[in-house]
């Protein structure tokens, strides 16, 4: 039986999927361009602002559905999760923009500061992977994929700390390069964090359980 | 954490019609418990089994036990009249006694059971009307006919009448379904307040109402208890798929 | 437009026919009242109402004993009939499904339609053959006529009380019998009173049973085991008199008195059962 709220829920998920697509594009463009030394600042900035606007639309729509239809159970969890995911997706955009900022403002990219021992490329690939997985998990409401995000996040953490260690070890490094690399890996790590939040939201939406994808069980009720 | 009423293996019939099947429930004391479910699922029958009103219908019978403070209300030698003094009831359509004044309505349960002390009657009438949040509105007109009040006031009058007998449990059968939203809101607030000192069981087909007023919610479907738990859990994360489908409006 | 006009005309015709039927139905009623009033009222004066019944053809006197007789016989019949009728009605309303209830209901319906002369014979056989023409016989016969009416109307009045009222009282922990005689009965008061009214009015004018039980007389009440006068009998006797000039006006006067009495009973009972919350 199709209900009044179903129309609203469909509109909400359409918005969200649109955001997901855009967020994926934004992150890919930003990360790849940084690695290749390309200037994409303006484009990414516009996309990031679009993502923020879209997340505001999602929030408004969600509140409207709550006020009008007093949703319960899975409907309520869906709306709550979508609101959170929209925010996380907008953060993807924001960090993607921050990364282009490094090149733009400091006038330097990773191609200028190559340190072979730094597993920057690996980190980059893993983060791109985790972003794609997260958006796929949203599209398919897939708990399995959401849990996979947790695994990838662990791997990201490991490489991140490796990068940090290696950075500390470097003794012949300019301040500029130090800051560049530091900022880059830091932003990548934050993107990965948000991916795990998205995974947690999907798990809550489907199962009603709130768990941390870092392995700790969070009992909210 | 005590249970005022424990329902054990309750089954109920109207003639050959089996309307309640194997109900097992423990009702928490001094809390509001709501019973929800689609029309005809047996909610009204269930509460009428608690105060032994079910058996008044010709051909109606039950099996199982209903324990009030540990004692079976259907036990040998238990007088239904005493049960009904401890378990009061408020009905769907407000039903004040038409030939009686507001005062007489509230005092009816006491007077007809022999209380003659005018002072005690006055006190009880005032206390009950205050509990029912009606005193201020009628204190100057206690002699007016019970039927001359508005719908919402009549229902509060019926609640005061039920409270005057000093029951321990109050059963409410869709008490707001004949009332407008403002009157409903007043009564819902009243129900929450009563839940602190009485064990209140309310039947409602309005899920949002259950969500608003009840501490615990039970979902009945086709005479069976499908789910029963604290209201937050039932409405945020129901364990049974049937419950989920009902409360999200996918059927019923 | 055309169809609308046709419908309007049809409507008007139907309404007119209904009015016509009403007028035709009222004509006999109204004409009885007018005839009785115009012929009867001139005959009524204080002495007419208080003096004893003269022999046929003799001027003077009045219908005093007849009025007294009717009041006494109807009064005693009510004392017997009302309690029995009301309690039977309560029984039928409360124990609807029992075999006794169904049987009672059936017999009551039969009795309601029993010819009054048959009831008169019943009273004659039962009582007159034992103690003679008497007030008691008349009262019993009229009571027998009254009981089924009161029973049925009481039952109906009780049934009209909504189940919710009954349930509300039961849910307060009031025992069933108390619920019935306090809450339900008081809600049904008006209906029951109306039923009693109807019955009294009905039996006040019954002639056949009285013919076979109290016989009639020209004298004041002389004892419960003696015959007595009554208005219907007086009307009958005066109207059959050959001295039409003297006696027929008396018949009309007595008729008027009877009608006024019944009307009076009606009004009085209505007044007293109005209640505060009519």
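Couple of notes before you dig in:
Which chain is which? They are A, B and C, in the order written, and residues in each are numbered from 1.
The criterion applied here is as follows: a contact is a pair of C-beta atoms (placed from the backbone, for glycine too) under 8 Å apart; a residue touches a chain by one contact, two chains touch by 3 or more.
Values in this document were obtained by computation on a predicted structure and should not be read as measured data.
The touch graph of the protein chains shown is a line. Taking each chain's centre as the mean of its C-alpha atoms, the one that lies farthest from the centre of chain B is A. Of the two chain pairs shown, B-C and A-B, the one joined by more C-beta contacts is B-C. The distance from the centre of chain A to the centre of chain C, each centre being the mean of the chain's C-alpha atoms, comes to 94 Å. Work out the mean CA point of chain B and of chain C, and you get 47 Å between them. Distance between chain centres (mean CA atoms), chain A to chain B: 52 Å. Touching chain B in their complex are the following residues of chain A: 1, 3, 5, 70-77, 208, 221.
Touching chain B in their complex are the following residues of chain C: 97, 162, 164-165, 167-175, 178, 182-183, 186-187, 189, 275-277. Every residue of chain B that touches chain A in the complex is listed here, in rising order: 207-208, 211, 232-233, 235-238, 243-244, 247-251.
Those residues of chain B whose C-beta lies close enough to touch chain C in the complex are 51, 53, 56, 58, 81-86, 88-89, 91, 93, 95-101, 108-109, 112-113, 145, 147-148, 158, 161-162, 165.
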